[in-house]
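One chain, subunit A, appears in both complexes that follow, with subunit B as partner in the first and subunit C in the second.
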Partner chain A sequence: MGLLLLFNGFNGLIQGAFYALMALGLALILGLNNTINFAQGAFMALAAYFSFTLTPYVGFWGGLIIAPLLAGALGLAIETTLVRRLYNRKDPIYTLLLTFGLAFIMQDMIRTIWGAQGKPLAIPQFLNQPLSSTYFFLTGYRLFVVGVALAGTAALFAVLRFTRIGIRIRAGNSDLETISALGVNIYLLRSANFVIGIVFAGVAGILAAGQLGLNPNMGDALIMPAFVAIVVGGVGSLVGSLLGGLIIGLASGITTAFYPAASEVVIYIIMGVMLVVRPRGLMGQEGLFE
Partner chain B sequence: MSTDLATEAARTAPQARTGVSRRTIGNVVLGIVLLTVPLWLPLVGGYTDLASRVLIYALAAMGLNLLLGFTGGLSFGHAAYFGLGAYGVGLMLKYETHSLFLALAAGTLLGGLAATLLGPIAVRRRGIYFSMITIAIGQMFYFIAIRWNTLTGGYDGLSGFARPKFAGPGHLLPMGPTGMYYLVLAAFAIAALLLWVVLNAPLGHAFVAIRENHKRLTFLGVSTQRYIAISFAISGFIAALAGGLNALLDGFASPNLLNYSMSGDFLIIAVLGGMRNFYGPLAGAVIFVLVRDYVSSVTDNWMSVIGLVFVISVIFFPMGVLGFFNRKSGS
Partner chain C sequence: MTNQSALIDRRSVLKAGAAAGIAGLLATPEPTWAASEKPIKIGMVDPITSIFAALGHSEIKGAKFAEEEINKKGGIMSRPLQLIVEDSAGSPGTAIDKAKRLVAREKINFLMGTVNSAASLAVSQFANQHNMLFLCTGGHVDALTGTNCQWNTFRTCSTTWMLTAGDFETLFDKFGKSWYFITTDYAFGHAEQADYEKQLKHHGGTMAGSALAPVGTTDFSSYLIEVKAKKPKVLCLLLAGDDQVNCMKQIAQFGIDKEIAVAGALIELEQLQSLPENARYGWWTAEWYWKQPNTPHLDDFVKAYRAKYKGEYPSARSWFGYASTYAIKLAVERAKSLDTMKVVRGMEGLVLPPEVALQPNAPMYRAADHQLMLSMFPGHVVKGAKYPDLFDVSSIIPGEKLALSPAAAGCKMTYPS
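Then we have the complex of A and B:
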């Protein structure tokens, strides 16, 4: 039982790392672009398929770097041509439905280009080995996923803390009008922020594909838990989103050990309890986006 | 743009006292068109079940629109109440009863009560946050339906129930496509009347006032959360009724009815038709269902076309087709 619990707990942690990466990208875009990006899952799938096509030429590592940037470039095109038009509309429904429609189109394009059948994404052989025979589930790849999630998060926080653009993004989150009046090009800033969010989705997509394989709808399974992670962690707090992702991942993993049928529902129950007990989430700010 | 939307909203808000005669004529014409659908629809190449589907989607979207367009609450989870209505009807017919109305009442009650109980949790937050919570609550029901195999049939959906015969005067009448259509139309008419009464009562004025400026209402001592929860509950009951009718139409309840993608369909129907117009969702449902029915019969890439409908209507028709034409006529 102990080993089973450890196994499922570790699985949940990996899952939580995916959720956290997704939630970070979503929370970034939610913050500065004021957009619930429903296409985040589709961008994730797209980056994974890009890396699938690129891997024969540039290898897994090349794909891991180039494919999210390609997805980011597409994100830039979409942000500047479509999403940007809607920033001045007060009602959030428009960006929500826009990205929802875009997700449809992107999924359909993936299906048309690469086919509806699932595909495996080849990962380097040495990452596939279990590290020990007792703890068979501790493959190099799984540790690698956790490592990348940690490194990506650390990099994001470093950027937000120490670079000019990061400081501007944080300032824009609290008062966009003021930094605009101070001479910051907020259109450029919002584009940059959107692209960073998409690149995060792209990395999460490739990592997930290395473990679960590719299929056009692969983003659907991750985007909802990412929303829940944001609600549980608290809107407006990136640390909260990160924690939220890990918590619901762990909870889902541990539930799998005891009662597998409830492994998906449990995260919504956690969210419901959180909303009743502490509506602003773990680390959320009161009154943001309201 | 936002002031533009606000004046548009104020202008098209339902007003019972002005323009009564024009409105009456409009309602009579609409009534005649809807009542005669089984007569003229086959002549233009349609089939009656398609019209039933249009009205069912319109009904669900009108219910949603009470919350969305008139109270300003962006719920992305109304598919849950629609789906609960469908499963409620299906389960009742499969295990408990052969009465059409009993099953429909049970389904409506199931979905409506769920909305009544969960609304107060969701309304604790507003704006985008409210949307995220409603969508997450909706997904919870989706996963319950998928995992509770023994009751719901899991991924395959709930089948094994049939549309019961209609208890007419003295004997049982079979429910063909035409009978089904008139059942849907009757439900639609009753729900539309109810919505109209609500919107023109003080309750409805409170909803619109909350949409326009919830802070001011809070300062005036109005419990906005309670009003939004009431709007949520009413719209949930109507969505559940629509879902129950959908189960009767198909003789089947699929877990996809509970999925957030279905909520997106209802939202785009309301926006496409015009979410500040009373009949906007009906116009949106006509366009959406017909486009989907046609496109999915001619191309495999119908999802892209539906996606394009989303993108185009959001970018170019923010007030929907009815709002668009109202503005064009410039009254």
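Then we have the complex of A and C:
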């Protein structure tokens, strides 16, 4: 039992790193764009399908870099033509409904272009095997996902801390009107932020597809844990989202050791408890949900 | 000036779009029927979206293929056949809503379809209340032609019992007594596991353990850790659709398929197609396969189907759609009427002719429980196999050898007086 618990705990952390990566993109867009982006899952799926199409020409690694950028370009188009028009409406329900609809449109578009039939995404063979027979759940690919999650997070925090655009994004998060008055083009800033969020979604989508394969609905299964991670970690806090992802991954892993059927439910229970006890989440700003 | 040219641009784009739309409408070839000949309408409720979409699409393709063939050959009793498809999204509630719409608005004569068991049971109930024949194409739950059998419901695909009986003994003899089940947590999975457990007990096997996985589970690693710890001889996967695909991929990534025999009841061509080569393995039962040596009419069917669908090979699901559409036509012709009760009587005992059956045995819709006695195709997936030849059929077993008798399945058919 002890070993099994250890296995499941480790496995949960790996899963959690994955959730965290997905949650980061979502949290970014939620912050500066004030948009609950329900289409994030669809963007994940779309980037994964792009990489599926690109892989024969540029290989897995090329796809991993180019496909999220393509998704980002589409994100830019959607942000400038649709999402932007709704910024002036204070109620986030408008953007929520817009992105909810977009999610359906994008999912059907994928089904029309690539078909309803699931497809495999080939990953490099050296990643696709367990590292040892005792720790068989540590496949090269899973560690790679954790590595990308860590690197992606580090890069994001570095950008936010040390670059001009990053500092502006953070400033915009706390007071958009003031930085606008100081001469920052907030439209440009919000577009850039949206694109970064979508690129993150794209990377997460491709990594997920490497493990789970592609199907038009894949975004649905991926987006809910990402939302839960944000609520648990705290709306408005990127560190919180990261932590939230890890916590729900770990909780889900440990639950499996005792009662596998509840492993998916447990993350929602954690969310429910969190909303009752501490609605702002672990590290969230006060006042967003309170 | 720039504004004006932009306007013209947009207009011409719109015009082009409209033209393309009209051209699309005109391009659809419609057989010419006299205006007085009203079509006979089959309403088909099948998942076009949701995790069951790939299976639903195959069934619809098969049904449309049959519709086209039937209309080319003069329709049903010299009336055209019209197939009207609605999306059930794999949900019982939506399936009923769509069935309602088909009945009320389209005035359909017959209902068919459904992939997942929960939707099949719901639509069967609905059809019963509306005095309408329902031919279930693809939901496997035993109860549909067992304890919940209805006078108006028939089924083309197999029961879960037939699926499990198809390969149980082979697996048991070949791999061993101790079994572990990973089962999808809804009617279909529960029924399959109960059936396997019954046979396991009967043969003196043991349960190493079992786990229920909710529909839509994406990460099976935690289940697999448990499986590794229990060290069963056979890991029996009773999952549906994409869940099975995800689980098989993770088993391959963890290298478990090299230590434990992985098997299960149902495998579908759609699932094998979406697996990467290294995750194609295991012992399963197919309900129909496009490659059978010496089966009459089969090669012509496969050829014509591929010609219609861009080289795609028909799956068991395509055959369900195809055979079901023909079964309704044949039953109507036998009944010489569209009256529900008469067509029900026409379908009872109906034997599918070789050009529809497309298998060596002659399957019949059993009168006592309305279950088609289709053959089962147990076999295994050849390592490193490439599409379309992914499955090696070891034998083709006539359905009546595997199916429970209607009494044992618990069907007591009652008819409205």
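Convention: the second predicted complex is superposed on the first by the 285 of 290 C-alpha atoms of A that agree within 3 Å, B and C clash if a C-alpha of one lies under 4 Å from a C-alpha of the other, contacts with A are read in each partner's own complex, and residues count from 1 in each chain.
To be clear about the criterion, contacts are C-beta pairs under 8 Å (C-beta built on N, C-alpha and C of every residue); 3 or more make two chains touch, one makes a residue touch a chain.
This structure is a prediction, so every number in the text was calculated from the model and none was measured.
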Touched partner set for A:Lys119, first subunit B, second subunit C, both or neither: second
Which of subunit B and subunit C A:Leu102 touches, first, second, both or neither: first
Touched partner set for A:Gln129, first subunit B, second subunit C, both or neither: second
Which of subunit B and subunit C A:Glu264 touches, first, second, both or neither: both
Touching partner for A:Tyr94 - first (subunit B), second (subunit C), both, neither: first
Which superposed partner A:Val277 touches (first subunit B, second subunit C, both, neither): neither
Subunit B and subunit C footprints on subunit A, overlapping residues: 107-108, 111, 261, 264
Interfacial residue positions of subunit C with respect to subunit A in the complex: 48-51, 53-54, 56-57, 185, 211-214, 216-219, 221-226, 228-229, 242, 245-246, 249-250, 253-256, 270-271, 273-276, 278-279
Touching residues (chain side subunit B, partner subunit A) in the complex: 1-2, 5, 68, 74, 76, 121, 124-129, 131-133, 135-137, 139-140, 143-144, 146-148, 260, 264, 267-268, 271, 300-301, 303-304, 306-311, 313-315, 318
Subunit C contact footprint on subunit A (complex, rising order): 3-4, 7-8, 11-12, 15, 107-108, 111, 115-122, 128-130, 133, 136-137, 139, 141, 211-217, 220-222, 252-253, 256-257, 260-261, 263-264
Footprint of subunit B on subunit A - complex, ascending: 30, 34, 36, 82, 85-86, 88-94, 96-98, 100-105, 107-109, 111-112, 224, 227-228, 230-231, 235, 261-262, 264-265, 268-269, 271-272, 275-276, 279, 289-290
